[in-house]
Amino acid sequence: MSTTTLTPAGPAPASSGRTRRRTAARSGGVGGLGLGLVTLWLSIIVLLPLAALAAKSLDGGLGAFWDSVSSRQAVSALKFTIVVSVIVAVVNAVAGLAIAWTLVRDDFPGRRIVNAVIDLPFAMPTIVAGITLLALWGPASPVGVNLAYTQIAVALALLFVTLPFGVRAVQPVLIELDRDMEQAAASLGARPLTIFRRIIFPNLFPAILSGAALSFARAVGEFGSIVLISGNVPFRTQVSSVFIFKQIESDNAGGAAAVAVVLLGVALSMLIALRFIEYWGNRHDV
Amino acid sequence: MKPKILLSTLAAAALLVAGCGGASDDSSGASASSSSGGGGKTSLSLVAYSTPEVVYDEIIPDFQATPEGKGVSFKTSYGASGDQSRAVLAGQKADIVALSLAPDVDKLVPDKLVPADWVTQTEADGGAGGFVTTSLVSFVVRKGNPKGIHGWDDLLKPGVKVVTPNPFTSGAAKWNIMGAYQHGGLAYVKKLLTDHVPVQPKSGREALQTFTGGEGDVLISYEYEYATAVKKGEKNLQLVQPDDTFLIQNPIAATSSTGAAGKAFVKFALGDAAQQHFADWGYRPVNPTVLAKNKSKFPDPKSLKTIADYGGWSKVNDQLFDPDKGSVAKIESDAGVSTAK
Amino acid sequence: MTSSRGAQLSIRFVALAYLAVLLLVPIGIVLYRTFEPGVGEVWSSITTPAATSAFWLTIEITAIAVPLNTVFGIVAALALVRSRMRGKRVFEALIDLPFAISPVVIGLALFLLYGRQGWLGPTLSNAGIQVIFSVPGMVLATIFVCLPFVVREVVPVLREIGDEQEQAASTLGASRWQTFWRITLPAIRWGVAYGVVLSTARAIGEFGAVSVVSGKISGETVTLPLLVENRFSNFDLAGAYAASALMAVIALATLLAMTVLQRKGDAR
């Protein structure tokens, strides 16, 4: 299923008008119009609503903003949310790689079925996910564990809903991976672990980070599936999204917006940091 | 290049068309004009909280059989009371609002979505206080009542775990706290929330789900929620009515933008036929005749307090439920600290 | 094989064990609970007028949101990987951001923008365009939550395959569009496919944000997830599970379709 890369018949033609135009932007790019459209789309869909949100958060002035975000409950919820989301992202990175590997490079009975059900946590409405997780890990658990209303339960619920990210981020890259290098290395006597470490992993790294970033982002924003099993105990299992909902329900939309903005700021910083790591890792590539 | 531009334009056009074509959802057009627009057919939008959906499903056809309701079509929306109130504020079309507690309707008054005298108008149709149904704060226990729960004090017995929804994520959950408050004031509420409530689910329905999922010994709930659940097949539950409790009152109002049909519907909902439907599902009718007829189903507790006894919702919301300064908010905050290791 | 038999088996074991515990057992429980009342019950549950209209509405919204998102995703991915652009990292992070926003906040933001007193609400409503509490608002909310998927799936694949083939094509005189259609697109098709599968699953399953902006008007703006929630609230758990099963079927069908299309592409 992997494609073999065609190499040009010879070296690229020497400088000509065409080449100069081509080297100005990499081949296969979208040009100014494409870029403009994408930016416009992003602005309408994402930036505009976020701007409205930011404006609302400053409704009562900076003082009110600070009060809303520095309350003990707000800070505690934020800390818990970030920590548990980071853990979930890391677990997903590892598990996603293992699962994608098994699905692409391995073969076992039922592989197709497993491949098919990976996306179901996405397609499942959050209340059903919540009820099911409660049934599985809660007081009436068939396995005898009762993790409900603990921090572990929150992590489990988040792992459930973010599972597809870790897997599907790596899977297409793994499929497209050029086997030639691996085979060359193997024929030269490299051991499987070395091949993995030196050849496969660096190529997968950006995809793994991508999946981790998405898991993190989703975990930070998740609401429906954890709200039932977490019990929403303040200072223990209350996540920021529930705290924000409390503010909205108490007619404190400005406060809700403020905490949301801070949460987004933190999430954005982590996402940018992840991208920088990705680029740094990629810097030796084409 | 051309096909791409074409694609992008098509995509944008599709979205725009969907926007104008969105009028197909809303047969009375996108304008905020009254519901009796257009020749002939009237359409009424009912925005209500979730639980009475089963009742309105029966009331609406009955209404449509009456002369006032002939030819009237309905668009119904059910959801959490707070969500519905916010939706109407944000522009959701509504002719009748039937929410879980009065503040959710009062919120619509400043923007003139609901007339300032809605209580008087509803009362004129037979709904004392502006309400269409009432109920009682009650306990739901496991069948057989293994922990022997009979009153509020039993909730504080050592080892008893109580499930009640969080009053800050569910406005309607405030009724439960008021039930506790009327029994033993802030001291009781503090002891209850700090020592006996392990989890506070997001809503009443989720609290029931948590309880049936095996958590807790007692669920604080509403009489009608229990009745509806049982009628819908929930098993292994038992209702315990404490001697002293709090009266739950659910408002109904015709909005400012509605016409004769909307007002007629409110009147109908307060009439004998509709009120009997409510009674069948466990809601206490406000209609005195119907209430008397169904008295055996709705015994009176020895002591009953209402929100009026405490100065009304605005006072109570300020004193108890303000997320920053309210006493209950403070109790919840402190409870978090004491249980967090 | 690039790994020893032992390593292969242990990875397989770890991966499958993880999946079994986290995913397969919960899904098994859902399946069991869904069909416990019997297939006939499930069928009648998903053929009620409410379920049918919810089904078609879900399909409609998905059918608008996913293609739009796919086009955006491919174009954005190409821009990020191939074009010279300032602030790429911030751009990428912004694309990921929609996920981090809880549905409640998305609803709030959309209210602030398109609601009765929002920035754009009054203008649009005067122009006769109903965005919120209507399908367009639900489509916007859905696109919002699906935004990153296709981009995130395609970008790593684009980076992996490099642009030598495109360069070769340019040398041979192909236009931008031809290069894209003949070379790039086939090369990224697995990334696009999984991006579409993920977007579709998410679009079908999105509850929170759509719930807030939909108005929950029975028979008109109730999607399948909203129907599930509605049935749950009405103590109709069996009905809720049945509707979820329907959603799972749609998601599986999408994956099947995408896989079949990719295989056909391979065979060519």
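Order of writing sets the labels: A, B and C. Residues in every chain begin at 1.
The rule is simple: contacts are C-beta pairs under 8 Å (C-beta built on N, C-alpha and C of every residue); 3 or more make two chains touch, one makes a residue touch a chain.
Just so it is clear, the structure is predicted and the values come from calculations on it, not from any experiment.
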Margin query: Going by the touch criterion at the top, tell me which pair is linked by more C-beta contacts: A-B or A-C.
Written below: A-C
Next item on the list: Please find which chain has its CA centre nearest to the centre of all protein CA atoms in view.
Entry: C
Item checked: Length of the line joining the C-alpha centres of chain B and chain C, rounded to whole Å -> 33
Notebook entry, point to check: Distance-wise, how many Å sit between the C-alpha centres of chain A and chain B, to the nearest whole number?
Noted result: 37
Notebook entry, point to check: Rounded to the nearest whole Å, what is the centre-to-centre distance of chain A and chain C, using the mean of the C-alpha atoms as each centre?
Noted result: 14
Notebook entry, point to check: Counting only residues that touch at least 2 other chains, which ones in chain C make the list?
Noted result: 118, 176, 180, 232
Item checked: Multi-chain contact sites of chain B, meaning residues that touch two or more partners -> 1, 4, 8, 86, 209
Next item on the list: Give me the residues of chain A that touch two or more other chains.
Entry: 31, 34, 37, 131, 135, 245, 248
Next item on the list: Enumerate the contact residues on chain B facing chain A in the complex.
Entry: 1, 4-5, 8, 82, 86, 107, 166, 168-171, 198-202, 206, 209-210, 213-215, 321-324, 332-333, 335-337, 339-340
Note to self: If we count contacts the way the header does, which residues on chain A are in touch with chain C in the complex?
What the structure shows: 1, 3, 5-9, 12-13, 18, 22, 24-31, 34-35, 37-38, 41-42, 45-50, 52-53, 55-56, 95, 98-99, 101-102, 105-106, 108, 114-129, 131-133, 135-136, 156, 159-160, 163-164, 168-169, 171-173, 175-177, 182, 186, 192-193, 195-196, 200, 203, 206-207, 210-211, 213-214, 216-218, 220-224, 240-241, 244-245, 248, 253, 256-257, 260, 263-264, 267-268, 271-272, 274-276, 279, 282, 285-286
Notebook entry, point to check: Can you list the residues on chain B that touch chain C in the complex?
Noted result: 1-4, 7-8, 11, 14-15, 18-23, 25-26, 29-32, 45, 50-51, 53-54, 75-79, 83, 86-87, 89-93, 111, 205, 209, 228-229, 232-234
Margin query: Could you list, by residue number, the parts of chain A that touch chain B in their complex?
Written below: 31, 33-34, 37, 71-73, 76, 131, 134-135, 138-140, 148-149, 227-228, 231-236, 242, 245-252, 255
Margin query: Quick check on the complex: what are the chain C residues that touch chain B?
Written below: 64, 67-68, 71, 111, 115-118, 121, 124-125, 128-136, 139, 175-177, 180, 211-212, 215-221, 230, 232-236
